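Same chain, two partners: subunit A is paired with subunit B first, then with subunit C.
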Partner chain A sequence: MPSDLIIIGIYLALMFAAGIFFSRNIKSTADYFLAARSAPWFWIMGAVWATNIGFLHGYLAHGGAAYEWGLVQANFEWFQGPFGYILTGLFFIAFYWRAGIFTVPGFLEKRYGSAIRVIYSIGWLIFFIITIAAELYLGGMFLKNIIGLPFWPTVLVLTGVVGTYTLLGGLGAAIMMEFVQFVIMMVGTMPLVFILLNMVGGFEGLTDILLNQWNISPQYFSVLPDNHHPYGPGPWIILGQCFVVTIGWCAGHQSMVQRNLGARSLYDSKLGYIVAGLPKTLGAFLYIVPMLAAPIIFAQRGIFVEKADAAYGKLILNLLPTGMLGLFIAGLTSAGLSSISGVLNSSSTIVIKDIYERFMVKGKPDHHYFVAGRWATFGIIVASLLLVSIVAKSPLIMWLEQTLLAILLGPFMAILILAIFWRRTNTPGSLIGYLTGSAFAIYYQQVLGQRVFFKISWWSFVVALVVTVVASLLTKRPKPEKVEGLTWESDFHAKVGAITEQRAENNGTKVTQLPDIKITMPPWHLNLKYWATGILIVQLVLLFFFG
Partner chain B sequence: MLAAATILLLVQTAPAQEKFIDVRQEMADSLTEVKDAVSENNWASALESFNKAKDIWQNEVKPLIVEDNKTKKRFDEYFGRMNEVQEDLNKLGQLVQNKQSTEIESKVNAIIWGISHHPRGFDVPDRVYNVWDWVFGLGIGLGFCVFAVVAGLYLRRSYYRRYAKQQNL
Partner chain C sequence: MEENKGADPKLIVAVQMTSIGVILIILGVAVFLLSPLDPAVNPRMTSYIRMCSIISNATITLLGVAFAVGGLIRHHEIAKKKQ
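Let's look at the complex of A and B:
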């Protein structure tokens, strides 16, 4: 155990030092919030995955939910990969880039005006602060269970380390740390899968014990489960999760989008996002499959597990040898830190760019906002710390998070899709639609008592979509210059216009190359289409096998 | 204000649920000590640890389950397993007193698993989709796919239509 503690101590010290090291070149808000737009695709890939996977998304909360509900939890990894990352990478990211924005709410303002920017920013800010609190709670509880560290001091140390390197180094430090953490996580957490499956006789042995010897419901191994699940029934998973939640998450979550905006080119951004679908898919084997075997190990070895969120920690504590346990904990801690760091940086970006600079203090030098960004980071850390004890009361953290996301994502997806694909959508229409969709989601959940998250997401999406369309048709058409460059149609027209100009210059000679792809084609192994197709095939094989 | 809010939040933290976790953890630790003591052939220590575990069960864990079950149904799963745990505890007590080491480990493991949180997915009944789930869920889902394809084709056509127009300039 002391050797494990030494490994963890060295790791935290290195993270702390690296953050300070990377902070030396930060001079402006673009450096701080967008890493000076310098990150290559593989950093983006690692950072996107590491931001998404932490204590909350991934090992502890997803693992805990997998223990609670079974294989259905893998849908977050197997649907999010193809539908979320690939579709966002191919269709949405380019518009964010062209709009020259720092934040997703910034894009909404360019398309729809400032009111929706404020409403959307505040919604996500609340969600982010609760997310950080949940991450801190899960991290503190994990280290308390595993190595007996006291809860609150551990939470404060974690906050200090991640707060320092994010606060000083901004997005650049966060992305570089996340890439390192991505590697540590993969190496550190992979052995558990093989150890566990070996213990229960492989996946076949696992299903045999649970289905035939324990006589549990086959639904535990279903990716499209029964309607008694909080995620089900199956058709709603396909509908709500594929089309609303995962795309909304990938295209609307500031932490995810911000990493892409920090890329050195649009191509790096797209490629990084699409390739991140692969480790995301494989993530199910790191923390979902092991948790299906966990009940057998707990029962056979007499391991006490008090609640689902604690199950993953109890499992590794009792299975891994000293030394390896330390590496494992370092891997998990890195996952948690990278997630906290990502959300922390994004929260401060929203506070400064969407609220402070936009509505409170305008026209100051860039350095003023850069310093304010650091103060915002500090304030968000304190606010999250205050919420830790509230979050701790939730019986299952995934439940808490999904409750909030069910309200946030449906209306957002509706107005985002319409923003890009229907230029007739206007400001009053989007505002009325977004508010109606959100109000409906809250009513459906809190008053009518609907507990299936994806049903709430789907119907709030439909309500927002229909209301936005109707309200837009009943009000004035937006001015063409307001939507120029921000919609799919205008994007086509811009390309056509440029081609026509080139033809005119060439006296009508046929120009076959579109202006914005007049670049050297990447080698085959960096081709977006190949990656997207390959990942989709992997997803389909997995769904076929486990569905 | 900030400090007062912090203190208030921290004080609120750990009521019944936290206590329920702590007492079960203590009981599980005592039962694990029984296993360890038996493996070292230290029967006196095993009996002492067993009595401690039994006391915690009788005075802390069981009353919490019974009381809570009357009002909130929060510990429902444990209420359903109470008799099973009680029987296993009685059997374990006999085994320890008679110094019969063969079944002790399995009994201890069964009791600890009995007071642990079990996956809720274990009890989910077989698939019972109703027709509306299929109509709304898959129907609209497939409809959405068809819509996406049609919209994509429309955009493509719009592009080429405009392309052709511009060519005639």
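Let's look at the complex of A and C:
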């Protein structure tokens, strides 16, 4: 155990030192909030994947759910996650880039006006602060339970490390660390699945023991179970979770989008997002598949697990040798830190770009907002730290987080789709639709007592979509110059207009190449379409075998 | 709004690559040195787990070397251009 502690200590010290070293290069708000728009596609891939894996969404919670419910938990990794990345990369990211924004609320303001920007930014800000507090709490509890570290000093050390490199280095430091964390999680924690499958006689042995000897339902090995499944009914996973929550998460979560806006080009941004589908798919082998074998190992060794969330920790604690255990704990700590740094950096961007610079202190030099960004990061760390003890005691906080997410994703998805794909959507329509969808989500959850999260998201999405369409049709059409360049239709019209003009210049001769676009084909291994098609084929194969 | 002169994006990537490389190398070597491979000293280190551990550590270290070298080459190119 002392060797494992030394490994974790070395890892945290290295991250702390690298954060300070990197921060010397950060000089402006574009450097701080968008990493000087420098990130190549593989940085984006690692960062997008790592920022999405934390204690909440990853090893402990998802691993625990897989331990309890089986392969249905892999629907995030083998179905909706990669699907969401591909759709966002192909259809949404280009509009964010074209709008020249720092934040998703900034895009909403360009399309719909400032009211929706304020509502959306405040909602995400509260959600982010609660998320950081919850991640710190889970991190502290995990290290306390697994290696007996004292809770509060551990939380303070984790806050100090992640806070320092994110506060000083901004998005560039966060992306850099997320890539390190991506490697440690992907390479360092991958051996567990091989070790466990080796112990139970391979995947064939695993299914034989669980299905034939233990008589567990075949639904345990289904990614999309039937409609009566209590945890993940297949049709609702497809409708509510995949088409609303996941795409809304990929296209509307500031942490995810901000990493893409920090890319060195739009192409790198799109490619990074699409290729992230590959590690997402492999993620199931890190914390879902091992947990299917965990009940057998626990039964063989007489280990009692009181809570599903604790299963992953107990498994590695009882199985792995010294040294390897330290690397695993470093990997799990990485998951928490990458998630915190992503959210922390995004929160400060929202505070400065969507609230402070937009409504409070306008027209100051860039350096002023750069310094303010660091203060905002510091303030959010302190606020989250203060919230840690409340998160531990009050179920109200977690209720607020879930409600906020339902409000943020369903109605947001409705107005985002309409913003891009229907030119006629206007400011009053979107505002009425968004507020009605949010009110419905709260009513459905709190008054009607609906607990299945993706049903809330789906119906709040439908309500917001219908109300926005009706309200937009009943009010004035938006001015063409207001939506120019922000919608799919205007993009299409611009291209057609350019072709028509070119045809006129060429006396009606057919033009095959757009005049204002230089088309340079990427090499085959960096082709977006090949990657998207390849990843979709992998998903289809997995769904064919485990659907 | 007056703009600060920002950082060189190529330099940012070079620094990131070098730092990632150094972190991975140190971590890989530290894990290797601190995990006794002999089952007599480290009882859970069965032959299969030992193989997995060696492959995993070696991959982390080699990736570290690749990133560190890549970062240093980029630094060198930037310095050459400045001259």
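One rule holds in what follows: the second predicted complex is superposed on the first by the 500 of 547 C-alpha atoms of A that agree within 3 Å, B and C clash if a C-alpha of one lies under 4 Å from a C-alpha of the other, contacts with A are read in each partner's own complex, and residues count from 1 in each chain.
Methods note: a residue touches a chain if its C-beta (ideal position, glycine included) is under 8 Å from a C-beta of that chain, and two chains touch if they have at least 3 such contacts.
All of these numbers come straight from a predicted model, not from anything done at the bench.
Asks: Once chain A of both complexes is superposed, is A:I7 in touch with subunit B (first), subunit C (second), both, or neither?
Replies: In the superposed model, A:I7 contacts subunit C only, not subunit B.
Asks: Just subunit B (first), just subunit C (second), both, or neither: which does A:I53 touch?
Replies: neither
Asks: Could you say whether A:K364 touches subunit B, subunit C, both of them, or neither, answering first, second, both or neither?
Replies: The second partner, subunit C, only.
Asks: Once chain A of both complexes is superposed, is A:V155 in touch with subunit B (first), subunit C (second), both, or neither?
Replies: In the superposition, A:V155 touches no partner, neither subunit B nor subunit C.
Asks: Is A:M45 in contact with subunit B, with subunit C, with both, or with neither (first, second, both, neither)?
Replies: In the superposition, A:M45 contacts neither subunit B nor subunit C.
Asks: Scan A:F243 for contacts with subunit B and subunit C and give back first, second, both or neither.
Replies: After superposing on A, A:F243 lies in contact with subunit B but is clear of subunit C.
Asks: On subunit A, what residues does subunit B touch that subunit C touches as well?
Replies: Touching subunit B and subunit C on subunit A: no residues.
Asks: Spell out the residues on subunit C that touch subunit A in their complex, using ranges where they run on.
Replies: Contact set of subunit C toward subunit A: 1-13, 15-16, 19-20, 22-24, 26-27, 30-32, 34-36, 42-45, 48-49, 52-53, 55-57, 59-60, 63.
Asks: Applying the document's contact rule, which stretches of subunit B touch subunit A when the two form their complex?
Replies: Interface residues on the subunit B side: 2, 5-6, 9-10, 12-13, 17, 21, 24-25, 28-29, 31-32, 35, 105, 108-113, 115-130, 133-134, 136-138, 140-141, 144, 151, 155, 158-159, 162-163, 166-167, 169.
Asks: What does subunit A use to touch subunit B in their complex?
Replies: These residues of subunit A touch subunit B: 67-70, 72, 214, 216-220, 222, 225-229, 233-236, 238-239, 242-243, 295, 298-308, 311, 382, 385-387, 389-390, 392-393, 395, 421, 458, 488-489, 492-493, 496-497, 499-500, 503-504.
Asks: Quick one: which bits of subunit A touch subunit C in the complex? Just the residue numbers, please.
Replies: Residue positions touching the partner: 3-4, 6-7, 10-11, 14-15, 18, 21-22, 25-31, 35-40, 43, 172, 175-176, 179-180, 183-184, 187-188, 190-191, 194-195, 198, 264, 319-324, 326-327, 330, 363-367, 370.
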